[in-house]
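Shared chain: chain A. Partners: chain B in the first complex, chain C in the second.
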Partner chain A sequence: MAIAVPVRGAHSSPNVRKLLRTYSFGFALVLALALLIANLLTQSSFGWTEQLATFAPLAIGAMASTPSIISGRGGFDLTISPLMTFISILFVSWLVPAGLGGYVAIPILLAIGAACGAINGLIIVGLRVPPMVVTLSTYFIFIGIDLKTTPTPVTLQGNWISDFGGSVGPIPGALFTILLPLAIWGLLGLVPYKRILYAVGSNDATAFSSGVNVSAVRVGAYALGGLFAAIGGFAITALVSSADAGTASSYTLVAVAAVALGGTSLAGGRGGVLGSLIGAACIYLLQSLLNAVQINSTWLQVMYGVMLLIAVVFGAALTRAQKEAR
Partner chain B sequence: MSAADLTAAPMAAPPREPVLLSVTAMAKAFGPTQALRDCSFELRAGEVHALVGENGSGKSTLVKILSGVHAPDAGTIALDGDSGADLRNPRAAQASGIVTVFQEVLVAEARSVLDNVWLGVDSLLRARVSKADKRERATAALAELLDRPPSLDTAVEDLSLSDRQAIGIVRALLRRPRILILDEATSALDIETRDRLFAIVQRLGREGVGVVLITHRMDEIDQICDRITVMRSGETVGMLARGEWSSQVLVQMMTGSDRLTEGARSQAPGAEQRVGDVVLEARALQLAPGRTPFDLRLRAGELVGLAGLEGHGQSEFLEALWGMGSTAGEVVRIGANGEAAVRSPAQAAAQDIAYVPRERRRDSIFHWMSIRENFALPTLTKDRRKRLLSTAAGRKRLDEYVEQLNIVLGSPDDAITTLSGGNQQKVIIARWLATGPRVLLLNDPTRGIDVNAKHDLYQLLTRLASEGLAVVMLSTELDEHIELMDRVLVFREHELFREHDRASLTRAALLASFFGEEGDADGDRSAG
Partner chain C sequence: MSTVQQAAKPPVASTRAPGGALQTALGLQRRYPIMQAVALVAVFVYGAATLDGLASASSIRSILVLASLAGLAACGQTMLILMGGFDMSVSGFIVGGALVVTSLTGKYNISFGVALVGAIVAAGLMGAMAGQICHRFEIQPLIVTLATGAIAVGVVQVQTGGTLAGSSPAWLSRLTSPAAKTFGVGVPPLVVLWVVVTIAMSVFLHRTVGGRRLMATGANSRAAEFSLVRTRRVWTLAFAFSAVVAVLVGVLLAGFAGSVDATLGNPYLFQSVAAVIVGGTVFGGPGDYARTVLGALFLTTLTTVLIGHGASAADQQILYGAIILIAVAVYGRDRALRDRV
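Showing the complex of A and B:
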């Protein structure tokens, strides 16, 4: 019914553009499906449970990086990767020995993750420092804490969290950790927050003058990223059955690449968590495919770069079309 | 509301409605600029109150304070007689019933019409208006304002500029304001939408809403306003009721009649003795789509002023002369070696056209560099001695201009920021004079500089013109045009509206042209 009304002031093929805008992860989706088929063809035994467990930290890292980017004004959170490791260390080295290794750890760790994200947000909003600088600083701080507290990996044995790396009944456990951020993001659509977040990312001056508490919205976005990062912490712990400071920086840039690949605008206001998940799938599946056909892994980085570049050019073409309509 | 028992304001008798808003002795400074000094304002229920003044007279600052964007340095704001009103931020101001449509078109481009018109109403976690209500009320409000309202789910970036501005207005109307402020909110609207807006404004007035209207258009004021408050240099200089105003009275109040006598001229030699060959020609130049193209010839030794209300195309024209995009037509530089088109600033520079931009701090000054460096940058090649750069040579070149332009400085190696605004501007002009231009384009060069520096600049420009330089200067000050220019081009709605030569250069005639009045006869002194 919405499309029945002709869009005034728009240029050629507004419907195509509208479609691409709504499904900005279209490119990534097509690519991911193609890569998945290629993977299934080249690998006779594509172990879903195992593959998903390996994929989970990257996927969740990408989703955790998304809300801050959507919030606009150079919103960015580099701390996601070390924060995931930090959560893992908190669980293995502190909560489990303290007898809090049960399900009670879930709310504790989620709260800590959200609080860490909120601290980033508060510094960015309160001091008006560019997010890149703030989170680069906290990135190093987190990595330092990770290394200091866990110089050598601490193994975890016989804990419920390992199920996330294996399977729960017939269901791959990693599906729970991967789908949880997606579910939270979806449920957020039931309250006004998410719409307001997109509006702030699209034009914060408009939001401010309309009476939106822009600072609170931004801090919320970073807290949400932190919350998702805590879920990522579960996924990492499940994958390696230990807390390992060596993973602290593993997912930093590749997560951002996944966000961009998934159609989220780095300028804010457009995109979403689902896109980031699909973007992460592209990166993961490409890696997996190159392994399977035994191409030298040094080419992997080059391929990431080329893929990202294509995605960014694709996105830029969209943005240009929008500017012309002005 | 028990409005009747409120104490009536002591001053004006006719409007008996209660006072909704009263501002007294308001002051606000931004750094060294005093945007408001002594501003008083009163708004009654049910009236449409125009706020008028020249650019930079403080209207927008007052509006931003009332809207909770800025906090005042001094003064009181009373809402319904209560001076404790909370206007800390836009949200608080809106909760107090003050809703503003700003001059800038404020929309979240990537979001839908529905999201945009209801932006800021909900709290973060709880909707204050149900979804069905939102759609229904938004549809109704859009239909009242727009002849062909867009679908609620259209992304705002797909709308025309006029419709985007309308979205901002609908957003304000949906708040059910008690005080509605329209800060040049009509400038982007098409005529039809504007008329519909005025009908809405009049309906709101009947319902007891107070409306503040900021506009540069006399016809709009005549059409719907009940009272006018005039501002000048951050002060309110008077309030007029319907029947007390005419464009002439307003102009006089806006400009201040005490500044200069009409037609006072400098004693420069007459244009006839100075003006030489055509050096620059605009052919069928069109400043915006759909506007009438026009021609212009600029001669050596001529001082040409560009005037008009802010944003009516004079800036675009000046930039077009510098090779920056006009919609259609061409600019041709006519020199000793024949004609050559000017299609980019680089070509302009190569053909001895110099441009002094408007925003000194942003577009001209390298604030971390010294005075000499700021001066010498585009002409550094002149300072080469034995293939090396000589700072002494640059200093020597600067010295000439320091003397000529009366630049007051400590050492040429001090930071440029140690200079006053006027002296900074002189350094920038010296920078471009050093390139040896034949055409000098200036975009409001005297904005924000003191009177003495202004007079130095006037003298300089007059002398340069008498030496054969063609000068085109955009100015927002009427007196500059009257005192300095050989002719003044008045722009209106991105067209060349009128050309005033020296004989018809009076403040009244210029302002009449600003407001689109044709005058009694062509180029006469009718208003004098």
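Showing the complex of A and C:
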């Protein structure tokens, strides 16, 4: 006896939908793999070390933007890109001349990054103002500080940090900076914080009623983003061996595009850092493919914009389909 | 449409606490931009006292022209913020508009008028698309306009091939020059244009059905929907308007600045946001364009005075960020979470 299987959607069967619900970055993962193969086929010399070093700031910028977006209620941190540059400037033009250029700089800068993120978070929950307004203001402030402290790029020579742009033994150094945020995010899964963060992102009023200190969780999300941005600051410094205020707003657009592409819902409560990493990989690989076929580099900006639009529309449509299916 | 008109009236400041001069002052401040006016006068007087020639006619004229550019750039932003939206694409469309009339007219050998109409139509369509996407998929306008702004400036830059040659027509430079006169009167034409736009915006926002629908959408989107306001159409048209205005400001800026590069629009993004918020217009209303005018005048005067005292562009940016933060802290506070449960 044949049983007719009801097909609900014309284009997305329930199985695919269920798979995408569990692994919201599934689409990005498939795209990234396809692009990687295309890249390997078109470019005979795909140097992993350099490629990863160029990829690192973008990847970390995307991962740093993720926690604040997950925290919900329009949560969003525009300051990630200028903050990454700020950390790089702090290291090159302040810590190194002050004799703190060794490994001691790592905890100092990570703490400063987290503190900067926490300040954003504190202003947001303290003043009860939409996050985008607050981070837009602090975005202006950070870019201003970057420009003021480093009007011209400062070069850095012979420092341990350049290992992160090259290789540590046989391992590409950029792997360390890329995997560190991922590891921190993974370790957070061992404590209740991450679960609570998702609860707050899904519905802050419910979380509040359940006794969650919503404000503290939100501030924590921004601080975490700041911490990741500090790691991104190392990656930028390693890549360009200098501190340049010109990079202050370079990663703003791509980072959000990567987050959206990686399946993190801009409404909060869904997604994760791994998705953002994969989303960033998609953008980076597409960019590298376009370079390989020698497309005018000014198209890149257009491409970022188009990818961001497609990703947010796709993500929102998917979320809506799930809500209706429920 | 009388229901809509009533729905959009700004809430009258409630004076629950018994009396007190402070309460009255706060209530007045909420209704009229008193602080801003006082601050404007204070900054100007301070500048005139400490800087030579600030109070001269020529420097007042140039302050007015700069304020006009900032105020006109904030036109669309005012409308969107009143509606609960936001436009991050201002700088992108300004650069796009400026490049189209300076470089593309030469490259494709088309007349100024054709280029302008083409740019307006393209910007209108892109803005409308942004509004549609924001409303239909409930995505933060900041993110969508970040994308459309990048697309706009990118597409135009690809056409010009990175080289930014070309110049604006001579009449455009005359129109935007602070030294120019309007029909023999010593007021720059751009300032006259700004006054006309201010009146038109105020009439539109407060005296027409369209303006009331916009305010109603900002005040409470669901309630507006129940009052038969098609909020999606409002969003679409408002975003299209904002993009078109930004292109027109770009054209004016091309005349004012003479040369155009890709960073031309950047200061106007934060000036437009700062002017609206400092003026005291809140996300979703209440507010009006007259407040933005005051905000633009205040910010331009402050900038001029600070530059006179040796401040750099970076200082200006830091200051604007700080001023926006202070202004939203005064005006735009959300309800506490415990009141939303």
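We adopt the following convention: the second predicted complex is superposed on the first by the 289 of 326 C-alpha atoms of A that agree within 3 Å, B and C clash if a C-alpha of one lies under 4 Å from a C-alpha of the other, contacts with A are read in each partner's own complex, and residues count from 1 in each chain.
Here is the rule we use: contacts are C-beta pairs under 8 Å (C-beta built on N, C-alpha and C of every residue); 3 or more make two chains touch, one makes a residue touch a chain.
Computed from a prediction, not measured in an experiment: that's the story for all the values here.
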Partner chain(s) touched by A:Gln301 [first = chain B, second = chain C, both, neither]: second
Touching partner for A:Ala281 - first (chain B), second (chain C), both, neither: neither
Chain B versus chain C as contact partner of A:Ser209, first or second or both or neither: both
Partner chain in contact with A:Leu266 - chain B first, chain C second, else both or neither: second
Which superposed partner A:Tyr198 touches (first chain B, second chain C, both, neither): first
Which superposed partner A:Ile143 touches (first chain B, second chain C, both, neither): second
First (chain B), second (chain C), both or neither touched by A:Leu239: neither
Most chain A residues touched (candidates chain B, chain C): C
Touched partner set for A:Ala317, first chain B, second chain C, both or neither: second
Residues on chain A lying within both footprints (that of chain B and that of chain C): 205, 208-209
Sites on chain C touched by chain A in the complex: 86, 133, 137-140, 142-144, 146-151, 153-155, 157-158, 161-162, 270, 273, 277, 283, 312-322, 324-325, 328-329, 332-338, 340-341
Interface residues, chain B side, partner chain A - complex: 67, 69, 89-91, 94-95, 100, 102, 104, 106-111, 115-116, 119-127, 148, 150-155, 157-161, 163, 171
Contacting residues of chain A [partner chain C, same complex]: 74, 76, 78, 123, 127-130, 132-134, 136-141, 143-148, 151, 204-205, 208-209, 214-215, 252-253, 256-257, 260, 266-267, 296, 298-302, 304-306, 308-309, 312-313, 316-317, 320
Contacting residues of chain A [partner chain B, same complex]: 2, 4-5, 7-10, 14, 18, 21, 191-193, 195-196, 198-203, 205-213, 216-217, 220, 269-270, 322, 325-326
